[in-house]
Amino acid sequence: MYVENLKLDFYEFLTGKRILLMVHYDIDSICACKILQNLLKYKEILYTLAVIRGVEDLKRSYRENSNDVKYFVLINCGGTVNLVDLFEPEEDAIFFIIDSHRPTHLDNIYSDGQVRLLWTSEEDLEVPDFHAVYRDDSDEESDEEPESGDEDEGRAAKKRRLNEEAILKRRERRLWEAKRFDIIAEYSQYTYYNKASAIAMFKLAWFLNKDDKDLLWLAIVALTEQYILGKIENSQYVLAVGELQSHSNRLRNRSNDTDGLTSLRITYENDLKLVLYRHWSVESSLKYSMFTACKLKLWSHRGSKKLYELLADMGLPLSQSQQAFESMDLQLRKEFHQSIEKLSEKYNLEDLVFTSFVLQYGYRNKYCASDIVYAMFAILESSPKETPEECFNSALDCLTRNKKDVVQKAIERAKIITKTIFKTVQAAIDMKQIITAGNFVYYIIQEGCLDWYMFSNQYILLLLAQFILRAYVSMSRNRKAPDLPLIISAPKNLDLGTCVILGIPPLRQNSPKNNLGRAFEEAAENINYEVLSDYFDTSYFEINIKDRTRFFDALTALFDK
Amino acid sequence: MDLELEDLENTIQDDDDDNVQLTSAELIEMMEEVWVNEKFAPEILPHKQEVVDCVLGQISYMEKNLETLPSTDFKKGIHQLEVDRIRFLVASYLRHRLEKIETYVLHILKEEEQRGEREEELYLTEAEQQFAIKYKQDLEQHFENATNFYPGLPFEDWKSHIVAPNMNSFVFLKAKTAVEGVVIDPSRDDDEVADLTVGSQMILSYNSVTDLVKKGDVQLI
Amino acid sequence: MPLQTSYFPDYFSVDDILATQEKIPCKFIQNVPKLGKLNPATEDPDLQSGTVLEMPLWLVLEASLMRQPIVTADLPKVYKDAYLEILKADPCAVDLHKFGVYFYELGSYMKQFGQNDDIAKTLLHTFTLRFRQIMDLSDNVISDPNVIQKLDALEKSLYESGHDAKMKLFSWLKMSEIPLEAATMVTNHKKRKRVDEDLF
Amino acid sequence: MFCEKAHVLIKELSRNRDALPPYNTDLLNEINTEVKQLITQNQEDAQISEDSRVMNHASYLPTVKIRHAAIKRNIRCILAYHYNRLKCLRNMRWQFGSILPPDVKSNLSQSEIEWFSKYSSNLVQYMRSIGDEGINLAVDLKPPKSLYIEVRCLTDYGQFELNDGSVLLLKENSRHYLPRSECEELIRQGVLEHVV
């Protein structure tokens, strides 16, 4: 069921009630959650916050709290699974869901009130008609029951008639079910994302007249995460940026806060697809960023030469390019954007620029939205020692203005991650570990690998996968290369002997719609493998390492069909 | 039900038949003054039990009214915050007094006894007096336990070096009424004198304004 | 919520006890039988009149301020004219910590042993000038350990409370909310527990 | 030198301004022994001094006086040790409440434990006497800024009941938005952390 009026039926409905916020472990969710927390405070709505990494977490946290809480708000989790089946909740429990995972589970859409979705029906694409997937079985059952009474009428005849009727009915039913199966299969063939939940939450804040620049920034960070991870189409991104830009103009005009020390400025600015370059050296950022690395093939000797050519063409002395961007000559720093843009055609670096936002507060704090996103990846996914809850808390801190040191530290870590990803790609190419298996490409991170931990996490693995696929396509002589999807696997839990498998669509598809999840399911079915996947995003899959070869064989067979 | 702030800040009447009528706002203001004075004066000041009792009455009155408001009422939050703030005032005031009583327990009890003998106004409330006596007994008992390894030790030494407040410490103050000829630091002989005009602010050593603080002519800040 | 008081030593004051433990030179002017062990330089069972020794201040105070004094006190060198001149010249440049951890506390006892009120005046002068420096120091958000090392105990505690106040003001200006904190004891308690756990 | 051990005792105190290390029974016993010795020696010498006036012997009076100063000094140190520990203990009463954590308790002497419970009941008695129904002075330690605050749970505390009767589960690292007045004590006990 869709909630029509968020203000009345969600926000004000919750006033005076205690709720459990179940928040998925990703950047968009954290941003959305932070905005929502802000709104809840206005109404003094008491909440408890639970961090959800997967289906198991969702179940456990429901179990732990269902005795005390009746109202649940799920952020970026639960939309794609049948919640009522999963929780078997009491009748008075109510679930509000804001989830960017698609496709939404049909039972949630057609729930009669226990599950309430905080978006509009337009945001779910190609939803099958209610009657195409549900039918009222109660009539049939009463039909099938033999009528009592008229015993005089030839029993046998009647029975026969009934039988015929029943057979017809059953036949019709089978047909319907087959059709239903096809309809649902079509509806759920792709995994994809709706626009960031944080944007939806920001809009709610705006609607409630409680929006401000801090909240807007959260929406921007969430959107940027979707862009960096390629969760949404470029056109969707451009539209959303435009929308947020108009909000930023509106909010700028509204404020009269001119004190340099406390004011917050969000400006709409071009950013470069160079990771953290404002906090790094130009050389390092150019070298390790996926975009430039793949365009210039920087993992090769020839590539590095090309890099120095580019720097020379830009008129950037080597010594300058190797020191921190911040301490570069002012003139060079100012002209950096321009000079690299001028050369983008020559070096095949078109699309280097994308539109984004910059946050500025105080005199010295300036961050691109992408800086914060990388910092948060680092916090969420690079420390094996901290519990997810601790990481979640640091990530929340990272979004707080007065915790500069947290951001700074995370940025340093993000640089290490970026470097590690690059080196992994380089090694994969050098050692020819990226393997073509007929109609897909795969790459496996071995257990012995030094930094395997990083890649056991969802988003760093995704960044690596995209890098690998692009690098592969740029190197491959196979004309079909841009049409091949990539499947990547990394150890997940060494103790349990499990690994994670992620599939990303072919480059040429140029769309994030991902049907590999379906392929994983089918392959698993074909080898009778019991699925233990815990992910909400079905393009991620989890199996035992010992079954991986068997599973890949099944995938190959499937793709060859 | 429409409870407005004015309803809560009902006029209350002093229990004594002094016919003193205070509005709630005036009462809270008075409590604030009392609290600040106690907070900054090095010694314990005469108790203000009447004010405390009135304020406590006010708090429970406000809380009772608050209960009738639905929990979703926006105003409830603000009123609750105000109640909490007032409760903090009272609690903080009483805590400051307790801490002084504990620290200067011998000194305060001795002075209190002398005031009793001179039939002057007592500084401690009855409850505070009881607390102080008990505190002193327990302290003595503890010291006794620590030194009873040799009966008859000259361990009473500490009672001749009584811990007393530093009356010479400096305080910030604001004059509420005009006072002329305040002798600055009476412990020195050079009779330097200052005149206070209403509203003027100064830093002086506490012993020069002790009486003025107690009379309410000046307010510590 | 500690009671804020100026430095005003009482019978139980730890700082005062430590300050009066400092040794100062004195001369015995009476024979003290059986206490020769107080003078490590001699085997003599008795302490002879005329012996010059360094004794803790508490003992000197007791033994010199009586009707028939047993000792006469001398000034430690940092309270003598030569050093006082240094302080008068530029008090801020001095490493007071090297002069003595309890420089002021000890000094306020020493003034009664001096010939005139020079000690008292110099102490006041030193403190007044150095106080400004401490205020500036505590105003800085980042503390410079080198400078702080040169403060005596009293100065250091002034610095610490000043710095603390500054930081509180700073964070208040930034977010206008003072966080509720675990009691210092609880935090210390936890830290210690952690250390203990690490040990075992 | 006299009172060296007492000096060690006070230095220990000075190192641990806000904490309570184990009650130093051994060191105190040694100091007590020193004091007893000094007293005995003084009694003997005072007697001789008494007699010597007649016998025209060397006077032990300075010796006795110096030993007496040492006795007084030792006692000052002993009492200061106990006094300052009580101060610390007293602050613990305000911070932990009337029940001490077991590892704090194990650092106390019997007499300190007794004092603590007496202090505690004295305080409770006083707090009960204020106003009509008493007032808990151990809360509202900071002026309130907002009614509700966000907190983070630092330990697995378990079930916690709010004033309105509802229950919530305090798990390590969980975050909650709760009435300030109900969390204050848990914050001070280090169970919750105020998030700003």
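Should a chain be cited, it is by its letter among A, B, C and D, assigned in written order, with residues numbered from 1 in that chain.
Keep in mind that, in the parts below, contacts are C-beta pairs under 8 Å (C-beta built on N, C-alpha and C of every residue); 3 or more make two chains touch, one makes a residue touch a chain.
Chain identities (UniProt): A = Cell division control protein 45 homolog-like Protein; B = DNA replication complex GINS protein SLD5; C = DNA replication complex GINS protein PSF3; D = DNA replication complex GINS protein PSF1.
A quick note: this is a predicted structure, and the numbers were derived from the prediction, not measured.
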Most central chain, judged by mean C-alpha position against the global CA mean: D
Selected pair, greater C-beta contact count between A-D and C-D: C-D
Averaged-CA centre spacing for the pair chain B and chain A, given as whole angstrom: 60
Between chain D and chain B, distance of the C-alpha-averaged centres to the nearest whole Å: 25
Whole-Å gap between the CA centroids of chain A and chain D: 55
Sites on chain B at which at least two other chains make contact: 77, 95, 157-158
Contacts with two or more other chains, residues of chain C listed in rising order: 1, 11-12, 175
Per-residue multi-chain contacts in chain D, two or more chains: 72, 76, 79, 83, 141-142, 146-147, 180, 195
Chain D to chain A touching residues, read off their complex: 147-148, 150, 152, 166-169, 171-179, 195
Contacting residues of chain D [partner chain B, same complex]: 28, 32, 35-36, 39, 71-72, 75-76, 78-79, 82-83, 86, 90, 111-112, 114-115, 118-119, 122-123, 125-126, 129-133, 135-137, 139-144, 146-147, 180-181
Chain C contact footprint on chain D (complex, rising order): 1-3, 7, 10-11, 13-14, 18-19, 41, 45, 58-60, 62-63, 65-66, 69-70, 72-73, 76-77, 79-80, 83-84, 88, 91-92, 94-96, 101, 103-104, 141-142, 145-146, 149, 180, 183-184, 187-190, 193-196
In the complex, chain B residues that touch chain D: 52-53, 56-57, 60, 77, 80-81, 84-85, 87-88, 90-92, 94-95, 98, 102, 127-128, 130-131, 134-135, 138-139, 141-143, 145-147, 149-150, 153-155, 157-158
Complex contact set, residues of chain B against chain C: 42, 95-96, 99-100, 103, 157-158, 161-166, 169-170
